[in-house]
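Shown next, in structure tokens, is the structure this report addresses.
Chain lettering (A, B, C, D and E) follows the sequence in which the chains are written, and residue indices restart at 1 in each chain.
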């Protein structure tokens, strides 16, 4: 498959060319090698899962993508160009949004404000305009509020709009986090265990949201998840990591029958 | 010993408790449940149902969150324990593994485990032996024993937290979402560990879980919490067969498991009460 | 100008080596005293993440209690024992009344609470002891007061016996503390508490016991500090301001490190003295000691945000 | 019917140690007058204290609180003095700041409402230099000026500089920060390096004890160490005890235990349990100074009462009284203050009085007089005072100046 | 159901973003404004102006400035007083160099200087966090106060080393200096404080406010979602120091009349920190509540014994005062760590559901 070529998924969706590519990534922390020489790509419109045992280096990989860690060796290519070293906020402004394994919401703010922060990269009014709440600042505020409300509706969190996030239960927090990421209208969305700590019903909801985002906005999604049911059902292609190495890469079908993957991670064929 | 340890003797009784946070937010609206000696009791329910709150009410960790038990009583071995401080409760053998890991991030993994033995007075040797036991349960921890736990992965922290609780040689363990964030084979493994600790050491468990499937496979007894109320209780086997539980908690419909991709319409939750 | 900054000070140092030695010695002694106050801070910070602003006033309070009790005719050493008793009661009451209801609150709230305690102790202390400057009962405690005069290179070096005693006692105290924290079960529990109150509670570490213990130890340190400072400059509430001196020490050494407190204290004590004598006084009108330590610490922090020996700040997502 | 003379006292805070004996002396003298004579001119004095803790902010609060009824303000700190000084022009209440405050206040024409008799800081500087000169020529000598780094500490610098130029000595100012008062090793190292012939100290509060202990430690010859009057507090010296023997302090007051007023206070106040003081404190310099301060105030009141023919005088009348004090030796002895304060008199143009003072020396247990009455050479800095006063007036324009007395100047 | 919000529906986001979406709040604010602009000035005595009204307003403003930095942007600062000092000295220099300058303009401009210095001292915050930063701000505190003392140009080489507010006129009335009357000064202060409060409300509810709060709550996450931490922290330092600087200028020009360097020392910083914290971090209204408590309480406590006829000397009152203030701080922190503003919010929540308990 060439970089620019897409492919068609089992359920008939058209996937585009390579959006993001990790080339020979190695990441070391002092003596610990969290990732060693991993390469893979994420294609436009794809739902790409990253799985592997605990401590395999999955979250670290996401952190590299979003610029929080700088790889010891290796390159990140984005939209066909090598990404120079960047601050995380610059990466975010290039259209990369994410959620976190240990929820990283702004606990002191309301749900609405949290989701509004997702739109910060789209708002540019100056400080004076904001101070007098007039002109650009005010228009922007209203326009973006509308966008945010759409996301809020979409994720069905209308009724907690004005609740401070600190008081919410875990599952809802995860949803708010997703809302914040979605509000940014990213071209690629990184989800780190979005369904941890949810029951089946909630996972179903969450799956639904993920699929819809992917469907409606064509957002590319990279997903870390431990629930094999979810991974197998949702993802188009799966990377499997173990101890910082890549041990498998392919469609869910291929991965689930890969003996290395079974040994290292699944335990039993799923 | 096996089932011999499991008796009908009530170890922990929660009677109709009400919990309020911050003086205004009513979270538990009369929850009653019982944990039998030597049993594994599962506490199920959706996000925000109040599972964590219930566990914290029992272990008396609510105070530091500005929560309060305003009504009802909590008895451990027939004795009222509401007014004890958490440390006293640990001395009595009740320990909680908190949701979301809560490791001491600047301590190494091994130091974390050793703090679990803080209340113990049975000598270094015994503690060492238990440390080895935890390491055989979780070999990954042995590899990382000298790392500061703040720098270990999510799953490793979860193992540390559970291992730390086991280090106190508890009688009763309150486990809050032990499977969260763990790789599938580890989830099974942890529940196996729970089972074997339960069977071999006679430790009773009260576990709050989202992973209903696994939880009901390992538990003897189950409660389902919705919106701060117990809406269903019974033996694990009964609950597994209940059609509502099947649909909402196990993701099974009549035709068997459905693909997540196929759940086309959002399911509206059916509430037993509300 | 450049000559004044880069050359002359060093020429001065070399040309009067006995004076330089004296400067270093004075710096060392002040450094040890700063470190002593910082130790109290560190201990409490480590066990509870409380930035205990009251440490300074505890020094005054301990010293005044000692002197006050002695003034009632109680023999010195019994007064010391009784003062320790008072510090224990203080530790228990602070834990009961202030800390317990505030478990799990944000750091800044606890910090404020300690300022509240400070005010309370100042007000209460002045009512009980009055504001007059009192004399430390140095002789009664058997602390040597004379001095030894050395003549290196034909110059003059005066070493106060009191200062020597302070250095020795402080060294012993630090050794004891280090042993306590590193080789005991309590030590580990203290560190665990610092990381996560809730989790510590959940494994059965009793906040109450540890906090009382830690505040009591801080009280003991305060008494030692109070005796040392009091012997130099008398005991009055004006001593309270020296607490500020401990802050840059903490910053430089790291908030949770005993070693850091000592090394930070010594570094600051010596460097600020050198700077004041060789640069501050000739070039800047003097009195640079009010800020030099802070600026030095600030510069160090820019390179090591957790101080020289502080725990690495764990930043993960 | 009373004379309300509030006192902005400071018995708390970092300077309490020095404040308490002063306040006690002040209070006890007025209590004695009330008990013995039924007050002044037949009406009792209400010398209520308002606690400032030496904080300027609290001081202003006290001023605002008391100014409604008060006939005088005793601000008790240079900071508070500076703050209320401009307001007195409008509120028309005299400030009584004996021996402290802003030295150009000696220009009574400009500072109509401010009084710092019997002597000001510039007088002190001049007298100290005179005394040192009497020990031998100052030409080519070096004097270290150890002072609190604060307006108070900097007050005498202009005069000292002037004198240095005139007498050929060099002056090295050594500031002590408010937070370094108890930890002066750097300053004393500097003194050791500079090897001055004399150290002159403008210290206050905890700074004094700090300096004296440091001086003992560094073996600075005590007899070459002289302080201003606020640096001569017995309790500060007692910490060093015999080691501080020879230390000197210029003073316009002296605690003469044999003065009749002491007996009167004992009889009417102490024995009735009305005093907050104790025997040790009462024998000290500061307690005695407190007495003198109240005596000056009382004398001002009495003068005004006599002049205006009414016992119940108001603030403006008291101003006249304070301007026309004439404390002759006879009057001093009449008041029972023998040997406690030098004679002086004030006028409309001269609000300081320039009484002069004695050099006191610590003999290991107490202060004793070691000089005859020294009087300052006021002419040396009169011009300076006038320039400063004029500057002050123009910076604070509109600033009413008392035209009537500029002629008598 | 006094505080009933049901039935007040919002039909547009604009309405929802109105300053006071709840009618009762708007009503309450109206009352407060009438009190502040009309009733107090008409009834207050000189003493009340000088010891309560004016200082409370100025302290509230200073606390508001600090609150922007600490409460909103999460950067703990112990150097507030020094920045007030910068504002005061800047204003003093401007007024003495350019005596024709309009005093209000000068006061508003002096904030610019403190904002500049604030940004300079804020730069370390990019690397230093939490208490380390707090102590680092003490470097600013001590260094600046030292500079005020040593740099004689700042106080025009006054012999006393203090700055003295000259008499300043505006529209034919004195607004500053000893000749100014309290009521005029009160209105000037009230005007400036109201103006800045208004701007702060807007800033904190808008985009910048969210950026700050995000930085405060979790700076790593904030950076990962696209917030430039440097910009966020430095704007917070700038805005905060601006307000603090203006408060400093008001402090000296509209109230104290004179200032010596050590006025701007640590106790003042702490005082303002108390106000911000007791009032409630991350709240605007809290600063006012806090200032009323911290400024008003000692005044009242001082008057109390006399009013009740208890014979107690003023030093003891002062000692008791300090003790009471200390214990009240602890007390309020225990009752509601998030301050009086939060207490009010809880009361309001209770009122909304009143008379039902939940």
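We adopt the following convention: contacts are C-beta pairs under 8 Å (C-beta built on N, C-alpha and C of every residue); 3 or more make two chains touch, one makes a residue touch a chain.
Treat the numbers as computed from the prediction; the structure is a model and nothing was measured.
S.K.: Return the chains common to the contact lists of subunit C and subunit D.
M.R.: E
S.K.: Computing the C-alpha centre of each chain, which chain sits at the greatest distance from subunit C?
M.R.: Ranked by distance of C-alpha centres from subunit C, the top chain is A.
S.K.: Looking only at C-beta pairs that count as contacts, which pair of chains has more of them, A-C or C-E?
M.R.: C-E
S.K.: What is the chain whose Cα centroid lies farthest from the Cα centroid of subunit B?
M.R.: Checked the centroid distances; the maximum from subunit B is D.
S.K.: Taking the mean of the C-alpha atoms as each chain's centre, how many Å separate subunit B from subunit E?
M.R.: One centre to the other, that is 47 Å.
S.K.: Measuring centre to centre with CA averages, how many angstrom lie between subunit A and subunit E?
M.R.: Taking the mean C-alpha position of each chain, the two centres sit 42 Å apart.
S.K.: What is the distance in Å between the mean C-alpha positions of subunit A and subunit D?
M.R.: Roughly 75 Å separates the two chain centres.
S.K.: Distance-wise, how many Å sit between the C-alpha centres of subunit A and subunit B, to the nearest whole number?
M.R.: So the centre of subunit A lies 29 Å away from the centre of subunit B.
S.K.: Subunit A: which residues touch two or more other chains?
M.R.: Residues 59, 68, 100-102, 104 of subunit A touch two or more partner chains.
S.K.: Mind pulling the residue numbers of subunit B that touch at least two other chains?
M.R.: Only 151 qualify.
S.K.: Which positions in subunit C are in touch with at least two other chains?
M.R.: Correct list: 126, 244, 285, 287, 290, 316-317.
S.K.: Which chains touch, pair by pair?
M.R.: Touching chain pairs, listed by label, are A-B, A-C, A-E, B-C, B-E, C-D, C-E, D-E.
S.K.: Sort out for me which residues of subunit E touch subunit B in the complex.
M.R.: 346, 349-350, 358
S.K.: Spell out the part of subunit B that touches subunit A in their complex, as residue ranges.
M.R.: 21, 25, 44-49, 52, 99-101, 140, 144, 147, 151-156, 158-159, 177, 180-188, 210-213, 248-251, 257, 259-261, 263, 266-267, 269
S.K.: Along subunit A, where are the residues that touch subunit C in the complex?
M.R.: It is residues 59, 63, 68, 100-102, 104 of subunit A that touch subunit C.
S.K.: Quick one: which bits of subunit E touch subunit A in the complex? Just the residue numbers, please.
M.R.: Counting only subunit E, the residues touching subunit A are 13-14, 17, 199, 202-203, 206-208, 210-211, 213-214, 216-218, 220-229, 235, 239, 282.
S.K.: Spell out the part of subunit E that touches subunit D in their complex, as residue ranges.
M.R.: My answer: residues 46-47, 50-51, 96, 146, 149, 156, 159-162, 164, 166-167, 177-179, 256-258, 260, 262-263, 265, 267, 299, 302, 313-315, 317-319, 322.
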